[in-house]
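In the two assemblies presented below, chain A is common to both, partnered first by chain B and then by chain C.
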Partner chain A sequence: MTPKSTMQVPRISAAQLKLLERLTNACAVSGDEGEVRKIVLDEVRPVADEVKVDHLGNVMVIKNGQGKARLRVMLAAHMDEIGFMLIQNEDKEEGIFRFDVVGGVSTSHLAGQSLLIGKDHVPGVIGAKPVHMTTNEEFKNALTVESLRIDVGPGNSNLVKIGDRATFATRFSRVGPSLRAKALDDRLGVCTLIELVKQAPPNIDLLAAFTVQEEVGLRGAKVAAYTLEPDLAIALDSTPANDLPAWDASENTRYNTRVGYGPAIYTADAATLSDPRLIRHLAETAEGAGIPYQYRQPGGGGTDAGAIHKQRAGIPSVSVSVPGRYLHTPVSLARLSDWKNTLALVYLALQRLSPDILQAER
Partner chain B sequence: MKSLIQKLVETPGPSGYESKIRQVVRQEIETLADDVRVDAMGNLIALKGSQKPDGKRIMLAAHMDEIGLIATHIDDNGYVRFTTIGGVRAHSCPGGRVHFLNGAKGVIGVEYKENQNEAFSFEQMFIDLGVTIRKDCPVRVGDVAVFERPFIDLGERLVAKSMDDRIGVAVLIETLRQIKDTPHELHFVISVQEEVGVRGATTAAYGIDPELGLAVDVTGTGDTPKGIKMEVGLGKGPAIKVRDAGMLADPRVVNWMVDTAEKNEIPYQFEILEKGGTDARAIQLTRAGVPAGCLSIPCRYVHSPSEMVDYQDVLNAVRLLTELLSQPVDLEQS
Partner chain C sequence: MTDLQPFLKSLISASGLSGYETPVRQLIEDAWRPLTDEVHVSRVGSLHALKRGVGAQPRPALLLAAHMDAIGLMVTTVVDEFLHVTEIGGLDPRVLPGQIVTIHGRRDLPGIIVQPPSHLLPPDNRSGPAALQNLLVDAGLTAVEIKRLVRPGDLVSFAQPPIEIAGEVLAGHSLDNRTSVAAITYCLQELQARLVQWDLWAVATTQEEETFAGAYTSGFQIRPALAVAIDVTFASSPGSPSHKTFPMGKGPTLGWGPNVHSGLHNAFKKVADRLEIPYALDLMPRHSGTDAYALQVAAEGIPTMVLSIPLRYMHTAVEMISMKDVARAGRLLAEFAASLDDQFMDNLSWDAGLI
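Now for the complex of A and B:
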């Protein structure tokens, strides 16, 4: 379902898909977000009123509106992704490195994965003991990071260095209605936010924060919110869709979100209780415009909103995510329709914002 | 004061959804305070007095939110799956009655198990709202509920859900009523979202930027059969917190509270709580740091739907807090 044709909303077409492709193919593990930051800066500089990179590396963009009584609205999307860091060159000749994970990575799917390492995208592979030689006893235990190595090949140790980040080598592609890439969490949010900066509704001052270090504890957003001091905030993120059938064919009651059901509005996660006024505002906007939406199942996890809402004397906050399957693995899948509907919903919700919302009862 | 307590505990207000209880408290304090406002997080803040040369800017905090439940899934037959808001204990849920903020009511049922004595996890529970298909279910994902349990007056002991921390709210309201004269600028913060990690007090403390902070909250007791080993007991007076898992109370604040209790012959006890924390932690750690402490109301069965306090402890807490706030405070002398 697409929004009613009378609504003027930013569209996702070939240019936006190309931008998402560049963003997801770029490597930006927490703390080393330069590659994505550069793309963001190139995109927003021509259209923004003010652009600044803060001490942690957050990109902060201000797009002023027109008219009186404008709300200062912070939108946050994190540039960083989960990945790996080289911690020791164990065999210089062979190019074997010990590594650690950065952010929430499960070790169960790491063996045999292709990686890109460092600023030059040096190829590597995660090695493990071959299945032929694994004992029954070893099969019972999950692989630990300590038992895995990154292999960059003989003579290549000098192409990378300790402290370099590595990400999955997956390249962006489209599969039917789906987007298939690494790091859709949260390049979908980044790409959405770039579009919103380019086509900001004039009734608000849009304060865009492209944040760093979200995957290691919402660190960038914390300082960005301190600086921007907004009236309210919306985090744009991507959240897991665990919507496959249950293995025993029982009803799946723990799906978190479902792909194809539209943008996921947060009511509660481990880090934030969303402001009820903002939840209502988003739901009413979606219903008025005929945009499908879903509530993310309340539960664990957290977004940049978790850091933002507790900043200074408090900032009413909510999150909206594009649902994605297999997030934090080498390949994630999201639906193009969910992304389109997310951009449309957030844009229309911003367009309908007035200072009255903060005077309303919660 | 019992009717005030009853009114407070019978009003629903899970963390993040404190509108109704905020309205009830606001009506109580509107005429008692010099100014009343609601901040960006939803904290209700009453101002009393202005700062004299020997006075301080003091933040008092008692949280109005309570633990509760939030719907995560409505199944084909209209049963509601849920997760918790704050530290709800699984063993106190089965058979419980819940009350959604939209008015819907239901009971908590559990899945069948061979061994019925085995503990149930939240994933094995559901809420039955008396409907048979999803479309008739009056609850949707994200709707919140609290436990339904009437207030009972056992004479010297009072029992209800959400004594944690409506009893603290009652103490702040009553103290605000009784304070005649103060050298201080007093900010009575009826805070939100304490049960999910002292979030309301965090932002309130930043906004107020106090020179001294006190939380009023409940604490556990060690006076029940085979209970936790703890010094505090019901009826031995309000407790002066020395330490909990989230805070080492400022020793000067502890001394100030002890001296004031001694001078006014108000019974008190010392509290060391090995688990849990209060809004005082958020106050202590805001900005460049604030001297902070906590006045605790001893409470049995905390985070169950039947929390019990001693009425004399409550009255003595009001007396002690009123004395503390009516005189200049010199922490260097304490």
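Now for the complex of A and C:
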């Protein structure tokens, strides 16, 4: 759906899709975000007023507005993704490694996958015992991380080392109305935030935090919010769309979000009760501009807002996500229209912000 | 001369599930036609390529068979924008979630095999691995588009691109058994400059993963004096028992058991020893799980051998082989073919025992 508003909003066209492709194909497991950080720095340096990389590796970007009484608005998107770390070279000659997971990897999606390992993106695979040799008893049990290994091939152990991170090798693609890639959580947010830095509305000071270590406990956002000391914050993320059919064709009432229904506004998750003024502001902006939106079903999960809203003396916070199916698996899937509408909604919401919003009752 | 690794990469990039082998058969036909004298396709889609020998008529024939069909999935039902699937060949459902696939609908569509969240699964399948019938395929399209483009019975094949690994190692889906097609190709190339007494039939069979229909019928139609099934076997890999697996990259294996003619086995062994080609003994006490099972009982019966290439993670999308083993298997086949003379059949005996 195209926003009714005649206001100029940032658009997503070939250049933004190419950037998303580069961002999702890059490997940046929590604690090792360098590849994405480099892309972010290259994109924001020419347009920002201030850019710095902090002690944890967060990229902190300031884009000053014009005029008086500007709100300092923090926007956070996490650069890191779930993945793996090699922890033991169990069989040097055969190229077999034990590994552990980083972040909430869906462990039912590991066997049979292809990986990229370390800074050189060395190929490896996670295999499984052949079906021919598997007993009926074994089929009943999930394949655990403890039972699986990463295999880089005979004689190739020296191409990688323990401590190296690994990610799924999935490449970005567009399929009809959808986007398909690894790490759409949260490269969609990163790409959105890069566009907002490039086309920041002038009524605010935009404080962009491209954060690290979200997937292992919202750690980058915590220090980023302290440093930036914003008046309010919005976390830009990707949240699960569990909008699949139920086995018995009954209504699926626990979908969290649904793809194609627009940006997901958070009211409550396991880490944050969103500031009601910001929830209302986003919803009113969407309705005024004719942008479809949905409320994420209140429940579990968390975003950088979970760390930000408790920082300093408290920072009014909310999150907006692009719904994504199969996050934390090798291939996630989102709708291009949801991404476009998310960028438009956040841009227009920023443009309508004034200090009055914080004077209102919560 | 076909460069073997790019050729094998092209073979595993082509579809060709059991019963629907045409896409891959066309690639094999292109490679074999210049290496052979006569090519035809059997009634069940197997590729037969004859390289004539130079011996006196009536010349006996050696049949080399590698199955070209691959395992995969087939659409059973369409629900909204999602597909339910069943298996073609044997699959462990635990290796499927997260796999990228191609749905062969009215046109080819990219898809993902997905495991629904547990609360959407039947109550008896909410813990432990999701059963195959509870997995879904998502093509990223709307329900209207899916209804138009996909029907029950449409094939779904793996789409994991080939993974080239250092040290002449290749990983990907369908290496079972396109690897052996590459080995036969290597053999045909080796024989271009050689004088071979016997006729040689290179055969890419169909439907091995389901019914062996290709091997039964090609064995009958060609009626060779000897047949060799070339297939993959279990390479040692994490979780697989060591007494049933063979090292990868250390040579092919020679099958031994009821599907294998003992005298023919010994003849292969002698050639391998003479040429110092490393090999392991692959014990197959019952059904060999290869085309040899069918070839052996075609027509009045055929003395049959099994030559195998060790492969890790069989029937997953990341099967792994060593190109060195492909070349060794191909060379052994070529040298065996070249060693055949007009005395061979007279000297072939079941009573030799394992030498």
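To be clear about the criterion, the second predicted complex is superposed on the first by the 361 of 362 C-alpha atoms of A that agree within 3 Å, B and C clash if a C-alpha of one lies under 4 Å from a C-alpha of the other, contacts with A are read in each partner's own complex, and residues count from 1 in each chain.
Please note the rule applied: contacts are C-beta pairs under 8 Å (C-beta built on N, C-alpha and C of every residue); 3 or more make two chains touch, one makes a residue touch a chain.
The shown structure was predicted, so the numbers you read here are calculated from the model rather than taken from an experiment.
Trainee: Following the superposition defined at the top, how do chain B and chain C come out on chain A, clash or fit?
Mentor: fit
Trainee: Given the touch rule stated above, what does A:P202 touch, chain B (first), chain C (second), both, or neither?
Mentor: neither
Trainee: In the superposed arrangement, does A:P276 touch chain B (first), chain C (second), both or neither?
Mentor: A:P276: touches chain B, not chain C.
Trainee: Chain A residues in contact: does chain B have more, or chain C?
Mentor: Comparing touch counts on chain A for chain B and chain C gives C.
Trainee: Tell me the contact category for A:Y295 with respect to chain B and chain C: first, second, both or neither.
Mentor: first
Trainee: For the overlay on chain A, what angle lies at chain A between chain B and chain C, C-alpha centres, nearest 10°?
Mentor: Once the two structures are overlaid, it is 130 degrees.
Trainee: Of the partners chain B and chain C, which touch A:V331 in the superposed model: first, second, both, neither?
Mentor: A:V331 sits against chain C, while chain B stays out of touch.
Trainee: Minimum C-alpha distance between chain B and chain C after superposition, to be given in whole Å.
Mentor: It comes out at 10 Å between the closest C-alpha atoms.
Trainee: Based on the A-chain superposition described above, do chain B and chain C contact any of the same residues on chain A, and if so which?
Mentor: 254
Trainee: For the complex, give me every residue of chain B touching chain A.
Mentor: Per the stated touch rule, the residues are 15-19, 39-43, 70-73, 75-76, 81, 83, 85, 123, 140-142, 193, 196, 199-200, 202-204, 206-207.
Trainee: Under the touch definition given earlier, write down the residues of chain C that touch chain A in their complex.
Mentor: By the definition above, chain C touches chain A via 79-80, 82, 90-92, 94-100, 109-110, 112, 114-117, 119-122, 125, 128-130, 134, 136, 138-142, 145, 160, 163-167, 169, 171, 234, 236-241, 244, 248-249, 289, 312-318, 320, 322.
Trainee: Residue numbers of chain A touching chain C in their complex, please.
Mentor: For this pair, the touching residues of chain A are 90, 94, 96, 106, 108-114, 122-134, 139-143, 147-149, 151-156, 159, 168-170, 173, 175-178, 180, 242, 244-249, 252, 254, 325-326, 329-331, 333.
Trainee: Touching chain B in the complex: which residues of chain A?
Mentor: Residues 251, 253-255, 267-268, 273-274, 276, 279, 294-295, 297-299, 309-316, 358, 361-362 of chain A touch chain B in their complex.
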